[in-house]
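Below, chain A partners chain B and then partners chain C, in two separate complexes.
Let's turn to the complex of A and B:
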């Protein structure tokens, strides 16, 4: 141990003293993903209190996060901010700095005669009906989206299924704005099917009106060169239910931030997610459930699998139970399955509770590899190891796939998982 | 308990009633340590910190040149580092209004009789002489105004080769050990408050346990802040050599003052091969103290580190005892309990860093928030590449007893290895009507029932404490819960 002096620069060799790998005189680097070449003390903290909640509201608290339609209200990103420190800004292709004037991915709505797609200008009253950007990329996307695509589910619609195919055709940095309105008492499933190649800052709003039941599946099946930062915010009115399933397979860097805010009582939110990261991929999901009113229910479950060198997944789940939200029932969980060496899974289930009069709140996070017992069980039944491993992963992820409620899509996802797993064998 | 009465105290009538019913509570009543002796030593100490103040501290202690260099370097880091904004509100700290070094007596006293009268009085109130008489207590390093002035170690410990000194004396007598270990676990620039401590440190304990020595009785130290606006920057260094065992206990009390105080300690622990260290803290600073502490241990092969951390007092506490598991089969454990009452923010947790293979760690954190207080669990579990066969579990439970208090959980989990087993579970619950009703139907008053539920909630931690601490904790809970109902 005494030989490893390289980790302690400017210090004489410490004979016998422990050397902690990765340590320098300034302790360890908590944000190694984003190099900090400019100054040893960059980051939001260095310019403390210049924006946001200001003094006393911690960066990590959702209650104090800055929201604004104006990109200039957000400080320039250094990558050391609490909500960016896991994201490799070098690979985000300027979504946070550049003019996003590239062509937005094409949109096409299929599957339903009742659900409609229309285009409105950026100054239409619908813009911002359920969404306020809460980070710089989202605000930049807001600035450069010249029109908004509006998907409308009419009042009292029943059992509608619609797919909005979003096809990227260029790697020029672009912005896109999508609005989904679920009118009163409607029931529908909307799939946002992201394919092709794109560098995209996207804002999606969901206006879930009283007693509506909306299921959204946001599928990120991009080509490997894509960069996608998507802020998806929902307002959930009284008696409504909102189910959001994020499914992320493709892309070089994908960051999806689904959030839901309750505006009326007796509403329900379910946020599900499924991700499968391969070598070199960065897949990030940051979600937020805002219990602002009483007697609402939320449930969050994200499951991910990782394989290959430098596959990196980040999951941050913020649940805020505000003072007024008595009678809240909330649970969130994240489960990760690390399939090979060299992958990295970050998992942060945050819970902030401002009242004691809740029905229940909890969260859980587990990260591990195959359950050896499951494997053993299957192999004892004559199934070879390779197949048994696939079965275990499929079983693990299937819990989320089942939530989608669309057979064709479920089959497509199962196939995708299969082909991802087949890639492991090589 | 005379002129200075703690601001957070409940109705005096209620208190005296409880005290009548429970005479054993007399000892910890209405913030017992809420008096202050006349501030003689602190009156002339300079406020604020700069190069000269640091040089002055070092010169007064006749330190070696290299220590002065470390202090000055740390001061640079302190100046450069921003205030952390990710946690509690620290805007009430005015670094320029703090006295960084206050010396109460010119030289170290060797026996009780040598102590100045006012210091002796203070310790009488703290009960140290009694504590010393108890066979349970071995070494008492009593810290008064930045420097240890009273210190005694039972002879058998000395015979075993155990070193238990205040840190200043430790540096004087064992400079070679210091040069080797000081800052090796918490470097000078680790974080803003560790930098401040490294620049201004004074006092604290230095413990060295030789190879294979088991220290049977816990080592204890008492700390007190006694000068208005005085920061206390004690520095503790514990080295447990191969195969040894030691249990170190730190307890804190402080008198109540009007303006805010800062306490910023650094505790470095080196647990060598197959050694085991347990470090127990019951922190009960008065409710105007900012308690911003860096505690970290390094565990070599087969070593075990256990943090038992209780946070009851202070205005703001930020404390995340850490264990770096650098040797195979090393083990880290944190048991943490926090109480946040009115105007208190307890931001506590733990950090486990798995660097070597087959290491394991466990964190159990419990918190109770009441009367508008805010408690947070903030933790990090990191599994570095190569740390195969890591096992970790984190369980945090929070109990909210009213609707104006707040409980947060920020558990960071970072895994870079596939062969691991990790789990995090948290629950936040409130005291249910049913539980209360059940106990009340058995004849308990509502507040007694409430206190009983809370005691049951923290029991798994209380039972890890030495008996006298467990008793004190239970009494504190009773007092904390008093008047919490209705």
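Let's turn to the complex of A and C:
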């Protein structure tokens, strides 16, 4: 940090007004790692990003987080790490320590004649095309996935809708690797439909090529005994758009980390999420949007409902606007609705801005309660208790459901929300 | 004609120091087409009466009765009271996340009437009522009371009053926090509802100024959980001049 401290007085002198330490007229000067470099990840972060692992500056910038294909580059987890501090490691069933040799969930692709599914060996050139593990569980999953399932949306495909049903049939710790390639100018929706029982470290990569439009719905509808840690990384090329909707209802511990990195200009990323945690469930979403190039747009909105004792949700949203990313427009928000006592929602929006030459950047987080006063108000207008509760939760989550754009799936989610609510009535 | 009858009502709340009696025997009879003003100093139990009529769970009725045309209101759940024709315009309307005004108004109207309103006329009715109360049309798409100012919340309460057409309305300090213009708009709304639906009104207020716009037929003065004095509109004039000191010094 010595560079930062040495040049602050100059900045102060230049703008001629009292300034906040660490800020220049171009924004917050978080770390010196990006100074004088044209690389999207400069300085020590670039070293950290190389596959051999590096020192990095994990606490000062999201860009500095260690990424590596080698699980041994990651220190053993203690639960005190920034990216693990909310996760109950006791319940993760060894995904961070064990050999993940259980049977991976079965995969089956339906819904499209154009979109294809194939299996490639772990040394195939596609592996790692958009993904580098950035935590120990993801790297462990990388190590033990012996093959990869590749979903390909061919060039110029239009309006394709495909569902990859991922069915867990064992509680032995397993690893899985899925690659989705959206070729140039293609347009498709792919649903990753996770059902059954599994203990799974999963890596999913999305290669969104120039001018492709890809919508992904990752639905976590696991049985109650499941543990799922999923790192889902996208590379978004010039002119492309990537929409990711994470929907998490089922499982004992589910941790989904979607991220998107821009590689070309005029690209757009939307990350949406919807979660509904019941008593005892831990549902965690950590996302990262990396604005590494100029003139791209991102929008993040996650909404969650919680009910029951020890229902716990975690949302951490990291948006990084790098020095090169002038003309960026970005916004991220998380909204939680706590329906009963005893539930806990953690929400941490992080925004790092390394250039002031942007169109917009904002973040918001709210956690509200549905309490007796809300109920009284609605009932005093003739609405019975069940309807009142439904009205509030349905209305709250509907904003995300509408983003899915698939009627059958929207209906299934609405039904799921209804049955989750029915559980509250008992 | 309908009658709302309150007889020897005793109400208490649970506090950290134990049960505390707030209403100590209130008796009132209100008919449709009548306006009763309930006035009194802070802490005299006015708002407790309003919330008890609506059925707020915080208030325990220890003895006495409330009946609507002979039906036992105290036996009814909160939503049943609304369906029976009682409406409480709240002093502090809560913000309800995730529910748009449009959705809320239609759901409530359907619940109260027992059938869905005809879409075409309903939309028109809502628009007209909003415009008369000078509520911006874009409020329809906003969540119930979310981010509304104090004055806007009160206007939205009166909007509901006009649309739901209750037999009896209890207005709990609807005038508090309103400027003169807003007070006039809100009062006109109450007067319209009375004219159009023969509504009976229980107007709870600390100040006399709203009585310039909504004319009471009867005035009841609440002191320490009981009606200390009642009379016609002239009693309000006297209160305006003398304040509540006369009652509080007697009881003290």
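Simple rule for what comes next: the second predicted complex is superposed on the first by the 357 of 426 C-alpha atoms of A that agree within 3 Å, B and C clash if a C-alpha of one lies under 4 Å from a C-alpha of the other, contacts with A are read in each partner's own complex, and residues count from 1 in each chain.
We take it that contacts are C-beta pairs under 8 Å (C-beta built on N, C-alpha and C of every residue); 3 or more make two chains touch, one makes a residue touch a chain.
If you're wondering where the values come from, they're calculated on a predicted model, not measured in any experiment.
J.: Count the residues of chain A touched by chain B and by chain C, then name the partner with the higher count.
T.: Of chain B and chain C, the partner in contact with more residues of chain A is B.
J.: Check whether A:392 is in contact with chain B, with chain C, with both or with neither, and answer first, second, both or neither.
T.: second
J.: Could you tell me if A:381 is touching chain B, chain C, both of them or neither one (first, second, both, neither)?
T.: In the superposed model, A:381 contacts chain C only, not chain B.
J.: Name the contact category of A:352: first (chain B only), second (chain C only), both, or neither.
T.: The first partner, chain B, only.
J.: Quick one: is A:368 in contact with chain B, with chain C, with both, or with neither? Answer first, second, both or neither.
T.: So A:368 meets both chain B and chain C here.
J.: Give me the intersection of chain A's contacts with chain B and its contacts with chain C, in residue numbers.
T.: 368
J.: Show which residues of chain A lie in contact with chain C when the two form their complex.
T.: 337, 368, 370, 372-374, 376-385, 387, 391-398
J.: Quick check on the complex: what are the chain C residues that touch chain A?
T.: 54-57, 77-79, 81-83, 87-88, 90, 93-94, 96-100, 103-104, 107-108, 111-112, 143-144, 160, 164
J.: In their shared complex, at which residues does chain B touch chain A?
T.: Result: residues 73, 77, 80-89, 91, 180-181, 184-191, 194, 270, 298, 300, 324, 326, 355, 369, 384-385, 398, 400-430 of chain B touch chain A.
J.: Within their complex, state which residues of chain A touch chain B.
T.: Going through chain A, the ones touching chain B are 1, 8, 14-27, 40-41, 43-46, 48-49, 55-61, 82, 323, 326, 336, 338-358, 360-369.
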